[in-house]
Amino acid sequence: MDDLYRENILDHYKNPRNYGELEGATHHYHDTNPLCGDEITMFLLVGESGRIDDVHFTGRGCAISQASASLLTERIKGKTLDEVKGIDKEAVLEDLGITLSPARVKCALLSLKTLKAAAWGLTAWPGEEAKQAAE
Amino acid sequence: MAVTARATGSAATLDVARIRQDFPVLSQTVHGKPLVWLDSASTSQKPRQVLEAMRVVYEEHNANIHRGVYEFSERTTAAFEDARAAVARFINAPSPREVIFVRNATEGLNLVAYAWGRDNLRKGDRVVTTVLEHHSSFVPWQQLAQDVGAELVVVDIDDDGRLRLDQMRAELEKGAKVLAITHTSNGLGVIDPVKEVVGWAKRAGATTIVDAAQSAPHMRVDVQDIGCDFIAFSGHKMLGPVGSGVVWGRAALLERMRPFLYGGDMISRVSIERSDWNELPWKFEAGTSAYVDAIGLGAAVRYLEEVGIDAIHRHEVALVAHLLPPLLAEDGVTVFGPHDTRDRVGVVSFDVKGIHPHDMATLLDREGIAVRAGHHCNNPLMTRLGVSATTRASTYLYNTNEEMDALVAAVRKAKKVFGL
Amino acid sequence: MAVTARATGSAATLDVARIRQDFPVLSQTVHGKPLVWLDSASTSQKPRQVLEAMRVVYEEHNANIHRGVYEFSERTTAAFEDARAAVARFINAPSPREVIFVRNATEGLNLVAYAWGRDNLRKGDRVVTTVLEHHSSFVPWQQLAQDVGAELVVVDIDDDGRLRLDQMRAELEKGAKVLAITHTSNGLGVIDPVKEVVGWAKRAGATTIVDAAQSAPHMRVDVQDIGCDFIAFSGHKMLGPVGSGVVWGRAALLERMRPFLYGGDMISRVSIERSDWNELPWKFEAGTSAYVDAIGLGAAVRYLEEVGIDAIHRHEVALVAHLLPPLLAEDGVTVFGPHDTRDRVGVVSFDVKGIHPHDMATLLDREGIAVRAGHHCNNPLMTRLGVSATTRASTYLYNTNEEMDALVAAVRKAKKVFGL
Amino acid sequence: MDDLYRENILDHYKNPRNYGELEGATHHYHDTNPLCGDEITMFLLVGESGRIDDVHFTGRGCAISQASASLLTERIKGKTLDEVKGIDKEAVLEDLGITLSPARVKCALLSLKTLKAAAWGLTAWPGEEAKQAAE
């Protein structure tokens, strides 16, 4: 057994929590890791209280990227957007509980990158919006 | 699905054990396991002979080429131009004047798009290419076509991954200004019948550019036989150093083209008002060439000639023939591209259901096996195959049947880790 | 004509004897004489540390960068990006993202002309440059100006070979879209006050490109202090391998620019209809980088930092101070450029009446001394000086006063051969 | 003394034979070696007989290039143009009587290249004519 693919990670990969689109999401963002084609979309529902009442994700890709998205959704429920913006990458890597090489760290952090973009209310990366609009 | 036995018999012609002794890196270990290098389509390893040729320059007579009248410069210049002659012979170019040293296939293909394309492609012209192209062969023409308003026609593959020749022929018969085609797919390992396709393109009056990055290292490439106008390939994929690459073009075209990069060496005279260009090939080699890398490529080409490029091709096809049956027999394995060994080189792209290629590559790495996972700079092909990435094992003259077995065993082990 | 003693004293800070032990090639002989390498302005020799850094990659963990998730690729990628960070630190770049690896200064300067110039230079714009430029800094702008109908303004030098600052200032005050200026003349060894000139150009709203091919190896180059927009230099002139070079640019500009070469790695996504580009710096590094050469350049930069770039500059100025008096004392000798050591690097161009530079270089070669004879890719400067060629001796950290003496003795001997 | 710079060569360099422009030349051609700036102009006067009645050259450059031009003018007086077109580089190198490295061979052969172009009646290198005319 390879310690990179611990029970916990494979479980989140095979049985992702909070998976699926979220109707009525107040925030959502889609991003990809061009190197390997990993994709994540994050959906947030922020209620009157300013807290995340619900969070879903969809995506495809490697076990690391999908498990980390699943773990992340568990971590943020009930948090405020400001709290989400403050999550650092160490927290995500800690949740995974494994040591990753630089290329695989990118897989692990795609979900956080996507989540933060959603939390900031982006719909596309700065600069891309103009590009898309121009087409 | 049966693997043809065609090439298996002749594999014995390569003394792989002896060859492996020439490659220092192959005796390294990874995660405690002996290295199994199955990523030669990305970059090959280098034999001692190549490293030694480079060492000799740096330690014994390093000097800038062409511009010196002293001994070191003369020796280095002679070695550099010898390398050019070796490359010309290797691809059967009519003259070394037509062999231009560049960094890699990518630069060579861009050189053609810039120095020929910008002055010749016009609004409404048709650029015919294929869904098998590497980004380096595809994107320069995609961008230029957009800039000038030309039409980009992308010919499809059939379900086996082979080029749709019927479609290609029909598109070329409609007329074309440019054909940009890969000789061998780095994603699927299929060989395109470039000679035939180039013939059709010529009849349509098109200028033809062949991307030989995956063919020149692994099989005979004869530019006169193919009949194309330009060809490009990378030294680092064919036992040479990084920083060495070649674009070959017909002298008649190269002479009419504007230069690409401007600067030292590519010039015959400069006044404040105008510049005149040097003769071929130097007109296209601005600034200090990576002359040591080019000399390394010369040594690589001589090494390949000594082993025999046809024998190398047969050996690699035999490796594929050895690998495919057990790999295809594994539950959940999809192999992209043809399942036989006809018109094929040693590239095997596959997927294992339930394991993302990235995870597969990581798990194989733990077994000492280096394979590539990703889109292989082949986005349009991935889209066509309906996947975002594949795992790709690619072979070369130094690989063995035992390494193929190790790959299959490691795939099995990966499935176990994932509980499949 | 008196040589200032200014820098002589501090030369002792370099332990040249120890440094020379790091350079295997310096123990070679030429025509039976110990090699005296006085052509470093053309290309420098390489220390063991650089060759070893490259050997380690090829023999111990060679793999293509960025695209692999296995161990070798991770190690090579890390070494490559470390080299980028080392270069960024060396030139005090705000971020390694702004450091783009190219083949050489020539490619770097062309990259700017193509990727920035083509989209920004318009009919009637003024491009201000100097008669001191190397062809690689001059011709890209000459050609682009002709293509778009821009005006090319070439600022002159005074009789000492120093840039006419009065003229430069006046021309920039008239307005300029581009300033292309060399930091240090490879023909005369003079240092241009680029910080001052760039300041004037910025006030005129010009984009500023500095050719640091001859400065980065020999003196402190701080891109933030200079304040320019782009800078380019070659690794092979600064103890690094051929095939390594750098263009640095401000992120804000690089981000707005179109890519230069298209292909693998510089892309984030490709569909048949469109392509999106990768982030900086990779947007400008298409295809397989010469990653081993870049890693070699990283080692070179570390070597230079360890010795100390200011100490190197002082040492070279001291060599010039040692060489000039006896050389100038020789009958028939003309030294081009300043005869003092103010704002100077270790380049001494000279002529001996009655002996063509080509003959001089051949005769010096017989004494083991490698110097360059020719126009040094400086045609406009040669025209300005009224000569077709000069003999150029150029120094580096490994040269000694004894070698300067050997040069003067050999010049005397050459005069005897010619009966002068 | 260096055997590359024999008495004979230095003599031809310092006292070039047939030096200067030739009024009324029937053929002339100018060429340069861009590497070092060597220049040679060859002037031929071909008479009724079809033979070279007179030949002059002008030029500047290294001892090898100028001496070889001087030697060449001596060799061709009285020859026909066809004979001139048939002179091979070995003949020139033999006249010089020294062994040259590749870079210096170019110096030695500039005069022959220029002479042949003149004999063929060129006024500029093929391809260059159009370029010059276009300006």
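Note that the chains are named A, B, C and D in the order they appear, and that numbering of residues resets to 1 at the start of each chain.
In this text, a residue touches a chain if its C-beta (ideal position, glycine included) is under 8 Å from a C-beta of that chain, and two chains touch if they have at least 3 such contacts.
Keep in mind it's a predicted model, so treat the numbers as computed, not measured.
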**Asked** Which pair, B-D or C-D, has more C-beta contacts?
**Response** C-D
**Fill in**
Of all chains, the one whose CA centroid lies most distant from that of subunit A is D
**Request:** Report, in whole Å, the distance between the mean C-alpha point of subunit A and the mean C-alpha point of subunit C.
**Result:** 46
**Request:** Measure off the straight-line distance from the CA centroid of subunit A to the CA centroid of subunit D, and report it in whole Å.
**Result:** 77
**subunit C and subunit D: spacing of chain centres that average the CA atoms, whole Å** = 37
**Request:** Identify all positions of subunit B at which a residue touches two or more other chains, and write them in rising order.
**Result:** 67-69, 71, 73, 267, 269, 274, 358, 362, 373-374
**Message:** By the touch rule stated above, which residues of subunit A touch at least two different other chains?
**Reply:** 34-36, 104
**Asked** Touch graph of the chains shown: is it line, ring, star, complete or other?
**Response** other
**Message:** By the document's touch rule, what are all the touching chain pairs in this structure?
**Reply:** A-B, A-C, B-C, B-D, C-D
**Request:** State the interface residues of subunit B toward subunit D in the complex, per the touch definition above.
**Result:** 66-69, 71, 73-74, 77-78, 255, 267-269, 274, 276, 278
**Item:** Footprint of subunit C on subunit A - complex, ascending
**Value:** 32, 34-36, 101-104, 127-128, 135
**Fill in**
In the complex, the residues of subunit C that touch subunit D are 355-359, 362-363, 366, 373-375, 382, 387-389, 417-419
**Message:** Considering only the defined contacts, which subunit A positions touch subunit B in the complex?
**Reply:** 1-2, 4-5, 10, 14, 34-39, 60-64, 104, 107
**Prompt:** Which part of subunit C faces subunit B closely enough to touch in the complex?
**Reply:** 24-25, 28, 30-31, 35, 39, 42-43, 45-46, 51, 55, 58-64, 67-73, 103-107, 109-110, 113-114, 131, 134-140, 142-143, 152, 154, 234, 236, 241-244, 261-265, 267, 269-272, 274-275, 286-293, 358, 361-362, 364-365, 369-374, 377, 379-380, 383
